[in-house]
């Protein structure tokens, strides 16, 4: 009776890769997408950083954050003007500031000179959001909203596709393929935590899946970004998981940054403050250098 | 209707920590166990490395591996003489070499001068294995075998407690408490992958849970080691996940090393070879330095 | 040290129920929505049955199935004309027959006299599909596509909301609330399997979560239907899980039925044939009677 | 591009069944183990019921419960004298009553004339517990304690093997094989809930996996019992899940019964009382008859 010696089954067979994900699949082991967005390189030695608040709360706040994160080395300002909530009731503030938020992002972009990534939730807002967004962010809950993926893809804007917390790598690449098939080649994958029973905080339910970084990079040429803020839902864990993301080969890091985390309008437990962000950029850069890459320009 | 602003529930409340895990729980945020095993420091700036084959296949093999991993910087030789299998049929080789394996480990220890960590599976073998083992390794499947934990603890040998792939942090600390309550203070936790639906190779079913490193360190003073070999079950992913382990604060790294991985007697897809190990030690050390620690003496 | 005696934490607190799911939440333990769709009662002693093929393959096939399932006791004909796929490539047949499929469903409805439930995937097709559908089915992948939920809700058509395979009960009720808040009160929940590591067939990854039936009914007044075909992905398991669904209190059963399962155009391993369906209806009815309900009129 | 038409991969291949689980595997589709324990048939049309308290709290209590559950139709009295806890601190009461508990079970057996199933946790207590137990129960946490499985098997006593909450069907059958290989053929499998992220009560973390009943019965001839009390951790859900267990083909049901659930010494939220048990037996019997089986003698 021999001890097991077989190769492990893969979720995605080589045949599947060719027939279902022909555009997302690597053509060779070395194949990696390289492209630029607003002068920032993706898929190369540079590791872009996306930073900003969960929600675009006010004009002054977003201008201040844009200035500070840019000064510390962020490549893109992130911030949600339109945001999904898992139930239909929202603060007055949210309803008043959605379209205002887009204007404030535009002002930040122009005044501070930092490119913008922001979430688009609904087909009808694609034109509005496309005016300001340099990258359209598609949230986890919309990952399998295929007609919406197609509509976003047709803008030919770069797209960041967040992984659903219940999605397999196969599901995720299938969603990316819906974008690629429209001829839109600037697709960025973003891991933001999966839902598992072993999670360490019962209200968050997310576990940052860093193993998916090498797993995805083994079969796809698309860059894979890691977002530790949403996954960990807990400020003290953001730094270690961001550093781990860099160490295991992530092609970008997305972070929530807020001047006064405890008073953030949404999810006040997860943002880091300016000083933590500035220190983290330096640490990420030093770890990036250990793996032949860099964060700071 | 206000947007949710509450602290996330924790799996383990402060009250639970005091009443159920009083010995495993930190006394203060800075509290961290520091101890030495065979002159190797745990819980300090030094990050110990455990390396060796999955199975002690032969005398010559284990002597060769002991020599090579020590030369490259391993602190402990790992290798299984007694190993659990998830069904009762084993190769002839396994049955013949179990007690021999302990002798070969002893010879490696004496000739090469490297301390030993090896798994103990059964109470009756504790005396035999204790003769050679500097650290008793308790495998995942025995994590909740409480009388066995007690029996191992009573040897007062240092113990590495691997996390079961279905265990929560709460379950894991509860098991550690069974060891601590016997007055045995040299307990090392080891994360080796959890079982989740989102896993990227269907035969392995394990996802290395690096988020548990800061999560565990937030509430316990015990050192937390990471084993990327078993979790990933795939040689190319061992290096990125080992580096990520260091970056997120792991207090040790356990690795499978074999001179000829493809012909390893057990799990031939997961070991790295000598050259990969030697390179990895250097990379781990450079990343350790970025987080104020070190791997190499 | 006392043995633990506390009530288990609930995913959804009573406070959450009131503030986040005020319309989905029960007003009293006995509160249960009762309504009729095309003369079929929901939320009462009657347990409606939805039966038909995965895909509306051809005019003749759907007419034949409509006739046969109605004769055996089905209350609604199910069948997908527009269907999501997890990657963007589809058979020619699918592309040709989508709008045709809606016509064939209309013909089945008129000739056979059976009401129709069919999936709507995209906002632009809501008017077309609403012409034939007596119930709009929202698939798992669209469960968190909130603007789409709102658009469907505004038709004031009855809606079946399938649970995403990664969604908690909380996520699911939040999605239902988006429909209810539009004044659309005929909302039917449908459980179709969750994604777990313990699943028994690696390609399907779904486990029918029957425990969610009493769990949901404890807090919501909405009817909860069970779909064992998609969850089990395996014809021999459909009957036992359908019967179990009735036994644990499901308010409806959805089944895939095909005259020649092995040659079904999609998912040929999961449909049952006419004879199996007819026998199953009788068995479900006898079990329904044991719990004070009925399937057959 | 054809729509997927392949058979789903199975966790356990036919080849694996033959080489790893030759004794647990069915020899033919109709193959089912049939055996008797104390005159109660297993694996036939009869569905045995195991009932009693979580913990043998006192002599009077266990005698009363034995009398009442037997009168209502229970086939075996269950009750834990030796019980695992996930941390090492226990009430004084527990420590005092462990060996007493075995005596009280013996007295119940003799006076009331009901056979006994009770958990054995440790090899050294096998002889003591074997004096009273007609079936040795091996708990979830010991499912992968292979030397202990072997020691229990060697008694040639019937064994109930509970599934670990993180174990796959493959892991579970592998554990059963360790018992069968000792020539012990009276092995009963028991499903008691798996750990998943979608669970509906955060403190319990268990989801009763009823799909494993047909899944296990497809490949093994061993009887499969269902325990809804531990899985649901919540009294109101016990009845619906017990009935569902019968409906999907379970070969036995295990239930926690206590005269005063709210004051049970352990897990007071999950037992049902005498009246609920008596009613449930009747309902289970009526559902059993719908699937060609029976509960009541």
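Read from first to last, the chains carry the letters A, B, C and D; within each, the first residue is number 1.
Here is the rule we go by: a residue touches a chain if its C-beta (ideal position, glycine included) is under 8 Å from a C-beta of that chain, and two chains touch if they have at least 3 such contacts.
Since the structure is predicted, the reported quantities are computational estimates derived from the model, not experimental observations.
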Pair joined by the larger number of C-beta contacts - B-D, C-D: C-D
Between subunit A and subunit D, centroid-to-centroid distance (C-alpha), Å: 46
Centre-of-Cα separation between subunit D and subunit C, whole angstrom: 32
Of all residues in subunit D, the ones touching two or more other chains: 1, 9, 19, 85, 89, 166-168, 195-199, 202, 205
Pairwise touch network: line, ring, star, complete, or other: complete
In the complex, subunit A residues that touch subunit D: 1, 9, 19, 195-199, 202, 205
Interfacial residue positions of subunit A with respect to subunit C in the complex: 9, 19-21, 84-89, 121-124, 141-142, 144-148, 164-168, 170-171, 173-175, 177-178, 181, 195, 202, 205
In the complex with subunit D, residue positions of subunit C that touch it: 1-11, 85, 89-91, 94, 166-169, 194, 196-204, 207-215, 218, 231-234, 236-237, 240-241, 243-249, 265-269, 283, 286-287, 290-291
